[in-house]
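Listed below are the structures to be examined.
Look for chain A in each of the two complexes below; its partner is chain B in the first and chain C in the second.
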Partner chain A sequence: MSNEVKKKSPPDPNSAKFKLGKIATDAYVDAQAAKDRGEMIGWCSSNFPVEIPETLGLAVCYPENQAAGIAARGGGERLCNISEDDGYSNDICAYARISLAYAKTKDAPEQNMPAPDFLLCCNNICNCMIKWYENLAKDLDIPMIIIDIPFNPDYEVSDAQVAYVKAQFLEAIKQLEELTGKKWTEEKFQEVMEYSGRTSRAWLAATSEAKHTPSPFNGFDLLNHMAVMVTARGKKEAAEAMEVLHKEYLENVETGNSTFRAEEKHRIMFEGIACWPYLRATSTGLKSRGINMVTTIYADAFGFIYDDFDGMVKAYCNVPNAMNLENARDKRVKLIKANHVEGLLVHTNRSCKLWSGFMAEMSRQISAECEIPHVAFDGDQADPRNFSEAQYETRVQGLTEIMESKKGGC
Partner chain B sequence: MSDLVESLQAFHKIASSPKEQLKNYLAQDKKVVICAPVYTPEEIVHAMGIIPFGTWGADIEIKEAKTYFPAFICSVMQSVLELGIRGDFEGASAIIIPSLCDSLKCLGENWKSSVENIPFIPMVYPQNRKADFGKAFTKAGYERVIADLEKATGLSFDDAKLKASIEIYNEHNDVMRQLSDCLNDYPEITAVDRNAIFQSAFYLEKSEHTALVKGLISELTKTEKTKSNKIKIVTTGILVDAEDLLKILDDNDIQIVADNVASESRQYHVDAKPAETGLDSLAGKFADMDNCSVLFNVDKAIAQYTVDLVSKYQANGVVFVITKFCDPEEFDYVMIKKACEEKNIPLLLVEIDRQMTNYEQVRTAVETFKEILK
Partner chain C sequence: METILKKAQLTRDDIDYVMATGYGRRNFDPAHGELSELSCHAKGVLFKNPLVRTIIDIGGQDAKVLRINDKGIMENFMMNDKCAAGTGRFLDVMANILQMPVNELEKRAELAEKPAKISSTCTVFAESEVISQLASGETVENVIAGICNSVASRVAGLAKRVGIKEEVFMSGGVAQNGGVRKALEKELKVPIKWSETSQMMGALGAAISAYEQVKKRGVLNE
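And now, the complex of A and B:
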């Protein structure tokens, strides 16, 4: 059994948790400060190339992070209702409904953020993003810059796709320079690229420590830390914080500690975005059975290692939700095998058609190749009305019984 | 039986029996490629001597497709997959599936495992389609489709033949636009009839369909124009082919005078203009397309387009038909609703699904809408 790591209060300012939390919080503070200085600030989709605003010195906020924060703090349904009253179907992604409602009301005590002067949209996670940002741009009457990274039906990224996406990167930089007066410099880009590489290498190293039994961390940590990977990868602070995270996990391995505060009886992979309104319920449902979620696709996906501009372009074409079933499956299989995963728990996310739309077949193929069981539960990343705790409990119990049976238990 | 009635019956027969049509082409030793929605480059398929055979799924019970799709994926995708799994496309050489919405991306990925005897050919379109780099990417997508078609059928591609096929498709576009306008003068042609004419285009080689439509227009124009006492509406949405829904419109003396429906007039808005090569011409056509929920447009031009259609055709209102779980349309609905409200144009939202069996709620909504329009 792993030793428990006591929760410290107040948190140690030298800990990775504190540093990573501060980076996430500072994103809002920095954007507000930039706004107060009279600078133009943007709202940015999560997998838009962060290197572009970072190199240009533009402050941006992330509506997806804001929606997740609002949902985790209990405001999801209230904001979804505002959008639905305006005519948005409750079938639409709950992040989008929350964001469109916030753009209208401009206030949510759970997580406020400054009004944008421009929008940065990238659809490499879904085409829903385009529709959401089109409507934001129309409602707010501000410019929208789009980098279209199409879903790749092939295993490898084609030269034609790289050429198309690269042209858009260059176009986006030009548009932003004209719009904001900020200038792109090769020197600054090199610096951002270096930090991005450092952050990514530390992230990949930290998450790979789950290969140890017991794992030195609770996989739910990854759901929180990934926000920094997505939005702040190119910052010095992010590189340093991720290196601290890796160091802490290494120390846990040496001392037998873990941030998973229970005996690790089973190790699973979690598939999908977290159910933010029910983070405690979904986490407790696992922990109470000694199940540690040791890995998710985020562990592999957000390690952006590249050497130059073209490499960066290619990396953004190869993110989860932009790749075909075979490629997506193989990345998961690699994580499952490397981290001794015994079961797959799939969140069929009502908000995410693309992630859930071929997950059933991918789960079957993963199960067959890794010889592990998989179960799915219905939920939603931000709308609390689309999750049933009873169903979740039943499905997790079923998964537990199969994993126990495979181990020869009763 | 009058020639007009006979002409209409021909459309109904074709629209109601896609499986028979497919068999007929296969019996003639023709290669057939299934073309899933939307904006599949049929001209390329046609130029290679293959029959492009459209599908938007069908009103059927979904069984096997449920093991691939969750319940919240639109029934067009679900039923296309179901038809594939149950063998309705047996004999086809391939299926082309563009990836213009998230559910279409999933259809392609699921197809590979579920219908292994009909190869999946992806068509990846750019959203930044108007710039030169966008057109170059569209062209690369077409080249990939050609390579896959050559592999699947053993037939070869020739750009000169593509130019000839483009002319056939441009003529068909023109004829379909003429037809839509012509029908306004003949309110006795029902919404059910109108749909059969549009739907049959998917199951016929295009020059055959052009000939049939020209014949119908000729028969119509021989008869005297009828003064319409019907209520005029514009329809908008992805798919408006449910007979039960269309009959409700007919029962209530409601006439569709124009549409911006993806499976109807949206396909025929834009012609391919001459260019150096046929493929350049086609890429230019896609770049020129707009007023569609799955094509990026930051100005939300579809809202103004809808309002303009109402004005141009002096319609009394708009019926927005949402295919349940079609999120691109669900986003655009809000913008179209706002634009209509600003112009005091009455708008009715109807939500449909390919598995709906009871339309009584829709009937009540349409009857109420009719009262408002009166």
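And now, the complex of A and C:
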């Protein structure tokens, strides 16, 4: 028997995967380098307008991305336990628990990041974020800048809401200028806006290639690439890497290739944050049945297209967790129809009460409008104790069997 | 497997196709195929009762409600979340506290005058409620009826989300418990069918599916 070990071929430095991975990694390296130069750096919530620190030339890290990385590498439970020992309920978001534990221990070999000098918080993703960041600010004794973007009960974003939020954007810029000594310039903002637009357009174009059958990509790719969309949209490298990604998907369409390495028998939409501690189990459970997750709401959510400052403010008022149910449903229905989706798999994420809470009714409405089955499984974005692989398997198999029987099989 | 074959006076050569179902189905080596218990229950129930359009299956590990379309195909389903409340395990735990076999719960529930209120949120909460209700003088019968109502209320929530369409059939082990059946009928305001073999519907569905596979192949052992 041969003892030959199959060597992994080195990644192609010109590939989108390499470039996007490097941008995500460099975010931590750049922040550390800025810190080492004596500059002030921040921790930032995922839907805070990234254009503000980017235009000011401030390096920021994202605790949510760090927590996802820690959870995916097996450290979630350890850090959750530290926070729970400090009195935090295990009912609150696991990203928050991991982040608060990290702020205390200041070490996680799975993903370290430099200590912050200020915090940037925006509650358009959830209100747990406010208390999480307030506690970080108190524990670390550093300032916190908050932008309040309330949940929008109406279908459209009103001028009044834009005015309310715009005033806060301007105030946040002023506060950051005073705090860090950096200056906002219109020229730099125009440049950031241009890159952000290029990145977003390329992302939307790349993800829309799932309209082809088979899809030129595995939807789990999107869960990884979206880190760049969240944190680095306004960077030149991000725009270039996303354009390469789109080009690769177009090439796959022409050659009949795909990053989904199996026969694509069924196409589903995945709803919710990835179950990071069980990414392999959740992905294998689909792939082994020939199910490609061709789209998620991320495909639409991070395409921030705007032409000016007010447009940017409006875009941040219209992110998934801040929009009303009908608007959120219609965006998903559009993705389902455009990408020939046959089933909806919903992650009832114990960390995210907001997102999981509205999914029960939204799934019902989507299912009725698109005439596709929907199935929910229990899990968590970062706390491994909230997931059972056997229960997941049964639900996914049930979904598969329904999709098969609708095609006349089974 | 050998024990079952011996009991049925068969050998492995007599079996053309083995279909595995239930938790652990993917790890059963002798199986030629595997099918979820969802599809198996649907097949089994429809074989016996073709007019059924909603199946409520309460078993040991989970509870599920299946919606069947007019062609007799499962078109959607809903399962319990990460909690034993509303499953057969909940009844096992309660029977254990009451120190009686689980199949005695039905008889005793029928004697209840006013069912006690028992939590349907959590098995451990319910367990402590049962103990405190008994300690404060509530009759065992009222507590048992409360336990049956608790399971029924939890599962009725799932059924309402799927959408009830008659006829409704109850499969799985808990179907044997008339207390839960009646409480469900009351909650859902529809008659619920069941049979003495409700617990076997998943196995029956698996057998039918195996038969279909062999028929598709065109070779059937005489």
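Note that the second predicted complex is superposed on the first by the 402 of 410 C-alpha atoms of A that agree within 3 Å, B and C clash if a C-alpha of one lies under 4 Å from a C-alpha of the other, contacts with A are read in each partner's own complex, and residues count from 1 in each chain.
Convention: a contact is a pair of C-beta atoms (placed from the backbone, for glycine too) under 8 Å apart; a residue touches a chain by one contact, two chains touch by 3 or more.
No experiment lies behind these values; they were computed from the predicted model shown.
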item	value
Chain B versus chain C as contact partner of A:Ala360, first or second or both or neither	both
Which superposed partner A:Leu325 touches (first chain B, second chain C, both, neither)	first
First, second, both or neither for A:Ala34, with chain B first and chain C second	neither
Touching partner for A:Ile402 - first (chain B), second (chain C), both, neither	second
Which superposed partner A:Thr348 touches (first chain B, second chain C, both, neither)	both
Residue contacts on chain A - larger count, chain B or chain C	B
Contacts of A:Ala71 with chain B and chain C, given as first, second, both or neither	neither
Touched partner set for A:Pro150, first chain B, second chain C, both or neither	first
Contacts of A:Ala172 with chain B and chain C, given as first, second, both or neither	neither
Contacts of A:Val228 with chain B and chain C, given as first, second, both or neither	neither
Those residues of chain A which chain B touches in one complex and chain C touches in the other	348, 350, 360
Residues of chain A touching chain C in the complex	348, 350, 360, 364, 367, 373-376, 378, 386, 388, 390-391, 393-395, 397-398, 401-402, 405-406, 410
Contact footprint of chain B on chain A as seen in their complex	86-89, 91-93, 96, 123, 126-128, 130-132, 134-135, 137-138, 144, 146, 148, 150-154, 158, 160-161, 163-164, 167-168, 171, 324-325, 348, 350, 353-354, 356-361, 365
Interfacial residue positions of chain C with respect to chain A in the complex	23-24, 26, 34-39, 62, 73-79, 81-82, 161
Residues of chain B defined as touching chain A within the complex	67-70, 72-73, 99-103, 105-106, 108-110, 112-114, 122, 124-128, 131, 133-134, 136-137, 140-141, 144, 293-294, 296-300, 322, 324-325, 327-328, 330-335, 337
